[in-house]
């Protein structure tokens, strides 16, 4: 099994969720994160003091899938998250050795 | 070493923490996350506009342990987190290649 | 490629970011997390009711780098994050199998 | 002669009405998404500055200055000329005229602020300022003159105790025009426009209720039995509006909500405004119940048709102005206020007709002028709406380089 | 005859007391967990609607209507019959009776709202409404009549300037009954019941302090020297309560806290309430210090015995009502208020006895009726408490389908 | 003789000024980082307790007691001796003296609270209390006596309607001293000191504006034409300050900000304070515009030189006190207030000189005494500043064992 971590723009979450639902992915965990990268931040001004804010709000989606679903899932995420502008984000694939469902104790792909 | 990621119901955190303490696990990192899965969300109503809220607050616990502790830890988490109802969450085990303690520079199991 | 996860003290973020920038790392994702470990929490008092708060605010930095950068990055993080006091945090290295840039579809090291 | 009790009453009432504008800011800002909080707050706060300027220079004179053909006050009191610590001979004769002037100023300030709920989360700041300023000149001042400044509607016998026509209907009609001209927010029907902080909205509700006593009771312009009646009517209408809305939610959605309680209260308070000093408490309760019912239905219906009056200015304020003005036509009683009128129930159906006439005139006038004004500004000032990307980013960052919460 | 100064004073005071209910809502809601914020706020806000209804129809008449056997007012003023812009012949003779009525309404509204702190985070909304309504009818109105409406306690010479017995002790006794009937919150002693937003609690404190001037000074019912005395007593008691609580925290916990400062202030303000217009400022300072000391100890003790009076209604409001009423028995002085009484220190120990009698009667009556009423509703209405799962989810979502903060 | 209208006016004004201290707490606390929210709020709230104590025992007597050599009041009114429900023969002769006393108390409370913005986020609580208490005794009371209590500056003809010298300049000068003695916050120039909650700051702004009417209009001490003038001047100066600041931001930074609007409003309101009842509305508008301009420049300049007056007490309050007092020297007019003076524009340049003299005396005196006092406390009380680690952790946890938001 694999863990897919995708960093996306927050307002694209619904699109990504729909795209994933369409290919039968119905489980995921999301986290509010802040990203730093090529995309430029913005300036904020408080009584004339200017601050460069360079960590940009992003959403991280974590999905555990079986190895054969990785390509479909990454494609779905790209389909949902892409705007074509800098800062669209990244997808990382990590190996997962075991998955367990707390409620039933099921292990492996059954647990997803 | 392994990274154990557990998604649990927020109000079960104290139980899980206690269960882990009982088996000698005294380090962990938690994150507020939102989960999507079998557990149904709820409806919210604002001046007659109904919104389906399907991301449910969860807590993600991240624990790095040596490989031989994995089973004990997952059992402890299950013991603490289980309610038997849908949405109890999942445990994922990922491989970890290196651990370093910032303060001392210690590496590997000593760093945990 | 590798994923480096570092748990650090929140007020050290700017130092770590600068140290990373200095060695040419210009992308990362950060998350507000809470840590539990050797560092003692604090007591809070509300109308005489004392509560032990033992989850301490930390920041988790996630950086994907190619394998050969791991040492430089961990050193930079340590340089930025170290205060020498308990609770400075930890660095974990996890294997990553694939990286994709959403905007372009680039894969592997090019995507970082 | 100046009466210190009355003067205190209107001075404090003016302060309370001033506080309503921040109250409204929070009432509204609690309902927007967190990226638009500051922009929304500022749209109300800045009115305190812009409209007060307008008012002390020309607004007061246009509204309450010597009448020109029933249509408008002349500018003989430009820049408060002749407005001093001495009482006016016409208005509020027991208090310094300058107190009357500033009390009325607070009404002029909050009226365009009310409109902002209609185009929340999507209007550019510059065009918004231009619109609000000219709207006050072209809509608020004339209507204020017609109804309160001895203009032609007052001559015709149209009554409005504290602003059902002058404040709520004008702003509601303008809101309708704004919804039509600006169109819905990006993502309507798909994104979740959930209030970012209902405690903030409830804070606004509490402040508004408090201030409304200054708004309605103060409109008696003296601390007398009429003020007392208006105070009580105000309170019981708010209470009834809240009860009705909560009851309807309970029935329709199985659960009452906090926002529903707040919405019903505001509907009740707004509805009783034109009638407060002219009707009995019982009539005020009925008006409050009607307000809760009608506004609840209006808001529900709005959600069905995808009309993006974001914070329900039409469905709550505009509609309340109409119901209250009609209600006054029905329930008005000279037994309560000898300077008022008898309404339908007191056997005087004609007065109801007069009130309907007032509603139509003010509603149509306000809507048409607002619509033209918005279109005009849209064309001349580079567009009323935020650029789509800015709308996504939100007003706070895109228009003000600020973030509401840095936690 | 109507005095415009007095009328203004009570009208504005009424508005200020109204504002206390939202103030209380925030004071309380800041202390609950974030999943119960809206439910807690609504428990206060909805009282404005429910209790005002009760009051204008029967409450005012039961409380201040013509006396029946010293026990209750008759219903001859049902639906405000005869309550108009003319002054009452008995109460507040210089202001419109309807102003007196609405001013008293605000007291009736906030009293059951005070009780909600005792059963915070665990009571069902429907049974809560039923309880509050009947509690007002069965406890508040009678006690109000006994003490302020010319009833038997007034006859006996029991004094209560602005509500130590009528407001604070009745609600405190009801709170004690509620704690016993409902039992502790799930997880008491294990979970952390930390306030979700102390700034919100401090906001409530500020609003309450402001409103308390209307509550206490306004209870003089005229803008005279007594009102002035009551105003000053109120302020200095709040100041003294805050100082004492902060000092004790500093001594016992090495650090003063913000919540401690707020709690001490409220304790001081509540304690001086029954005495405000009858005692000297120095006595008020002593009362404030006593309030800080006793309430601090009570709250500390509560934490030890696991008695889940969640937001300390008994330990702060109830106890304050007792201390203040006793304190009045000690410090009352006709030199300060000729219409008051002389207390123990002025050589009149009997008056202290009278006050103790008042405390026992009101405390026992309020406790017993509240207890029976709660038990009764618990049985007849499907339980007072939320289901355990709903208690875990929280009031906002489980009972109102809302979320306080969507950030 | 007691006038009920005037008494009501000052009682309610006192309540409004009391509310300003919580208002200030929120205005300031919104601008600090979230780890210092409660500590900042408490620094204002606790003044209500500490300074009120000081005031009722010695402060009132020192300020308004029988004059000793033009320098200070004697202590013959220690503990409010002789201060009762009867009017004073000297001050506010139509209201109970005790009302005058408590009204002035509220001014004494907020003045040291204003200073806290200068050393926000870095001062220890104990030394802060000691400083505030002695500062009030050594700076506030004497200056108050000199200007308002019949002292030598009053004799010289220095005028200050509602506290440009007594409140704003004293606190601004103390703030300057505090910035110099305490030094900048850790991380200045590197860390981001972004406001943690601008909605909280805007809430404070709204409350402050509301309360300012009690502060300035109430300073007429009667509900008359002067109060009316002061009310209007206050409002239009706030409006003008806001407009100017927003306009400058728009020009300099391409975007107006919410904090800018709030800052400009406060600058305008503070600036008009000494002049409110002595000048025409037009002059008030000019003062408001000047306030917006000068304070904007001051704050911008401060950012350039790394002077850590954290929340701009010097640049906004202190400077406003100066501009307003100067402005009074220029714009004062006996046509507006016969008890006032004629200023430069009315041909009386001498009066401007007198005002400048007042500014220099008060400014220098307040700065020097504050500086010495701070140094003294720094040495004797184990340091004014938080330990560096505590500063990193933040006041809330390090000094009060609390957390503002538990979400």
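Here the chain labels run A, B, C, D, E and F in written order, and each chain numbers its own residues starting at 1.
Quick note on the criterion: a contact is a pair of C-beta atoms (placed from the backbone, for glycine too) under 8 Å apart; a residue touches a chain by one contact, two chains touch by 3 or more.
None of the values given here were measured: they were computed from a predicted structure.
K.L.:
According to the touch definition, list the chains common to the neighbour sets of subunit B and subunit E.
P.N.:
Correct list: C, D.
K.L.:
Which chains are in contact with both subunit B and subunit C?
P.N.:
Shared contacts of subunit B and subunit C: A, E.
K.L.:
Give a one-word verdict, same or different, on whether subunit A and subunit B use largely identical residue numbers at their interface, taking over half shared as same.
P.N.:
different
K.L.:
Same interface as B-E shows up in which of C-F, C-E or A-F, over half of contact pairs matched?
P.N.:
Most of the B-E contacts reappear at C-F.
K.L.:
Round to the nearest whole Å and give the separation of the Cα centres of subunit A and subunit C.
P.N.:
Centre-to-centre distance between subunit A and subunit C: 18 Å.
K.L.:
Counting only Cα atoms for the centres, state how far subunit A is from subunit D in Å.
P.N.:
Centres of subunit A and subunit D (C-alpha means) sit 45 Å apart.
K.L.:
Between subunit B and subunit D, what's the gap in Å when you average each chain's C-alpha atoms?
P.N.:
The separation of the two C-alpha centroids amounts to 51 Å.
K.L.:
Which positions in subunit F are in touch with at least two other chains?
P.N.:
3-6, 8, 12, 16, 194-195, 203, 207, 253, 255, 257, 259, 401-403, 405
K.L.:
Would you give the residues of subunit C that are in contact with at least 2 other chains, written as numbers and ranges?
P.N.:
Residue numbers touching two or more other chains: 31-32, 44-46, 53, 94-95.
K.L.:
Return all touching chain pairs.
P.N.:
A-B, A-C, A-D, A-F, B-C, B-D, B-E, C-E, C-F, D-E, D-F, E-F
K.L.:
What residues of subunit A sit close enough to touch subunit D in their complex?
P.N.:
So the residues of subunit A in touch with subunit D come to 11, 14, 42-46, 53.
K.L.:
Along subunit A, where are the residues that touch subunit C in the complex?
P.N.:
Spelled out, the residues of subunit A in touch with subunit C are 2, 6-8, 31-38, 55, 58, 60, 70, 74, 77-78, 81-95.
K.L.:
Report the residues of subunit E in contact with subunit F in the complex, numbered from low to high.
P.N.:
Touch list, subunit E to subunit F: 3-6, 8-9, 12, 16, 33-34, 194-199, 202-203, 205-207, 209-210, 213-214, 217, 222-229, 231-232, 235-236, 238-240, 242-243, 246, 253, 255-259, 261-262, 265, 281-282, 285, 405.
K.L.:
Under the touch definition given earlier, write down the residues of subunit A that touch subunit B in their complex.
P.N.:
3, 17, 26-32, 62, 64, 94-103, 105, 111-112
K.L.:
Residues of subunit F touching subunit A in their complex?
P.N.:
31, 192-195, 249, 252-253, 255, 257, 259-260, 263, 296, 299-300, 303, 312
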